[in-house]
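Same chain, two partners: chain A is paired with chain B first, then with chain C.
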Partner chain A sequence: MQFTDVGGVTKAVLGGRLDSLSVGEVETRFIANIVPKEQPAVIDLSQVSFIASLGIRMLLGTARALGRHGSKLALFGATGPVMEIIETTAITDIIPVVSSEAEALALVTA
Partner chain B sequence: MARDLDLVRGDRLHCLELIDWVDGARRHIVGPLGLKIGRTPPADVVLADSEVSRSHCLVALDGDDLVVSDLGSTNGTYVDGVRIEGMVPLPIGSILQIGKRSFQHECRTRAEVTESDELDRELQKASAYIHALLPPPSHDGPIRCDWILVPCARLGGDAFGYGHLGDDLFVTYLIDVAGHGVGAAMLAVAVMSQLRQRTLPDTDMRSPAAVLATINRLYQMEEQADLYFTMWYGVYDARSRQLRYAAAGHHATFLVPPDRSRTIAAGNRNVIIGAMPGATFQEETVDVPTGSSMYVFSDGVFEIIDKGGRQWSIADFERLILEPQIDGMDETQRLFHSVRDAAAPGPLDDDFSLVVAQFD
Partner chain C sequence: MDTGGETKLVARLPNGPAAIEQSRLAVIRFLEPFGIFGRTINRVEVVLEELVGNLVRYGKSVNQVTVAAGYRGGVIDLVIEDDGVEFDPLAMAEPPPFTSLAEAPLGGLGIPLVRRLTSSARYDRVGSGAEGRNRISLRIKNG
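After this line comes the complex of A and B, so read on.
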């Protein structure tokens, strides 16, 4: 899990399996590195091979917390199996999911 | 006390704890004489499993550590997925697989064992309560149903139900709360109870879209400890032979005609329950061929890693559904054992819930 600042936008890179166990291990650090900054954020999912329901909940919780500060969150780079889960849950109705980092940055800073 | 100290690393006891524990003894303490595991007495741990040999393996203390030896079993003894030969270490946290059953090696103090046993008893009562709320299997009549629910933790976040809404209408639903454990189970039970009693306010229970909309209004995440859930709800009309359904963040249910040549997906795209106040939900309708079976399930049924390390998708489970049925074996058992056999050793990552309905 890596965090960088891209011109006032927090960029987080997640990797591996976001299953129940790993979400329990990373969730606090993930949220603590994004939400308190009160600035828009983009999440790179290109290296995530699987996302369980608790992973979806972590992303939703982050988006809602940022939203309370008037900041946006966007996801990008989701691969086939992860995109399939995202599509099934229809969280794209709540969090924008795009293919590239540039699209995600443009969305959250618009 | 002195005897206790003989058994342990420091003041800790070596325990073998059954994964996928349903009832009976969950935890077995390895004493100075070791534990013999087999299918019949005089084994110390008796596993009623045809894949377990009468005298299968021996787990013993070796100084402060545990070791395991296969006793010439037919199907082998596995440690963390690797078949053992001779005597090998059984490290703390490792998984010992014998037949269809798996144990985890844990080290616990006597106080922890006592406390954990008490907690297990309480959780077993809670689990029994949840099972008591589930509908009984029905093997007679024009619609026959069976189900299996195997939580990955002592309490799961899945719940389901089915029953008649009138002379011709038959409703089936399944709820899958994100995560598992006590919190998820309590939410699942709350929703299930409302659906069982049909106490949703101002809601036409025959309309899947209306039911999901009401449930979404009643169970928003911020009022439910940040828990959301997915749900599938379907109403079968025996007169028109149509299934009216809606899925909220949930994958499709499959219908399988009697020639079992294909599946018919009954799924559509709606947002998960609890994440979007005021969300609207769409429903769809599908014709149900005479003699079809219907498979309603949670994602824990297919979101496994197989023995080859591959992450499964729903397509893998769909393939399993279409495999030949087994005479004398219920479909829910066939599919559970197929998934369990395909999965890597250790507990399943998520609750396994499956309802199979058979229509005339």
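After this line comes the complex of A and C, so read on.
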């Protein structure tokens, strides 16, 4: 898990399996590195190989907490199986999910 | 345990965090020779993660989790049984559609995922008394 600042946008890179075990291990650090900054964030999912409901909940909770500060969050780079699960949960209705980092950055800074 | 298809795998696991990974690896290993599509394997993994994960997290009365799998004619049958008190996780109402980020519920995403990733999902209470078990029978088409 890596965090960088891209011109006032927090960029987080997640990797590996976002299953119940790993979410339990990374969630606190993930949220702590994004939400307190009170700035937009983009999440790179290109290296995530698996996601289930607890991973979706972590992303949703982070987006909601950022939203309370008036900041947006976007996801990008999800691979086929991960994208299918994201779409199946329908969180795409409330969190932007795009292909590229550039698109995600443009969306959260618009 | 009857999976509907030809049962090839029955994994009996003590309830605990390790059961999630053990059931996943057992089922994936079982399905490997059949040339199942990657996205179908992913659906199987998500369904196991949700249902076995729920038992591990919330099934205080569960001592043993049994996962059975069968494959025939492009269809994967999964059966997940536990020896806990009677509980039907599939009885949970479908949550309303997301309307806004601020009002989105954070919980309850797992069972809707299971319903949507399977072509059928059924709960039965089987056995009686001390032999009573919760059984969830699931079908996932390879495709």
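In the analysis below, the second predicted complex is superposed on the first by the 110 of 110 C-alpha atoms of A that agree within 3 Å, B and C clash if a C-alpha of one lies under 4 Å from a C-alpha of the other, contacts with A are read in each partner's own complex, and residues count from 1 in each chain.
As a convention for this text, a contact is a pair of C-beta atoms (placed from the backbone, for glycine too) under 8 Å apart; a residue touches a chain by one contact, two chains touch by 3 or more.
Source: prediction; values computed, not measured.
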| item | value |
| --- | --- |
| Side-by-side fit of chain B and chain C on chain A, or clash | clash |
| Contacts of A:Gly67 with chain B and chain C, given as first, second, both or neither | second |
| Partner chain(s) touched by A:Ile94 [first = chain B, second = chain C, both, neither] | both |
| First (chain B), second (chain C), both or neither touched by A:Ile56 | both |
| Which superposed partner A:Gly16 touches (first chain B, second chain C, both, neither) | neither |
| Partner chain(s) touched by A:Pro36 [first = chain B, second = chain C, both, neither] | neither |
| Partner chain(s) touched by A:Pro81 [first = chain B, second = chain C, both, neither] | both |
| Listed stretches 145-153, 199-207 or 235-243 of chain B, narrowed to the one that overlaps chain C | 145-153 |
| Footprint overlap on chain A, where chain B in one structure and chain C in the other make contact | 19-21, 50, 52-54, 56-57, 60-61, 64, 81, 84, 88-91, 93-94 |
| Interfacial residue positions of chain A with respect to chain B in the complex | 17, 19-21, 49-50, 52-54, 56-57, 60-61, 64, 81, 84, 87-91, 93-94 |
| Chain A residues within the chain C interface of the complex | 19-21, 50, 52-54, 56-57, 60-61, 63-64, 67-68, 80-81, 84-85, 88-91, 93-95 |
| Chain A-touching residues of chain B, taken from the complex the two chains share | 176, 178-180, 221, 226-228, 230, 249-251, 269-272, 275-276, 279, 299, 303, 311, 313-314, 349-350 |
| For the chain C and chain A complex, residues of the former touching the latter | 17, 20-21, 38-39, 42-43, 45-46, 49-50, 53, 56-57, 97-102, 104, 106-107, 109-110, 112-113, 116-117 |
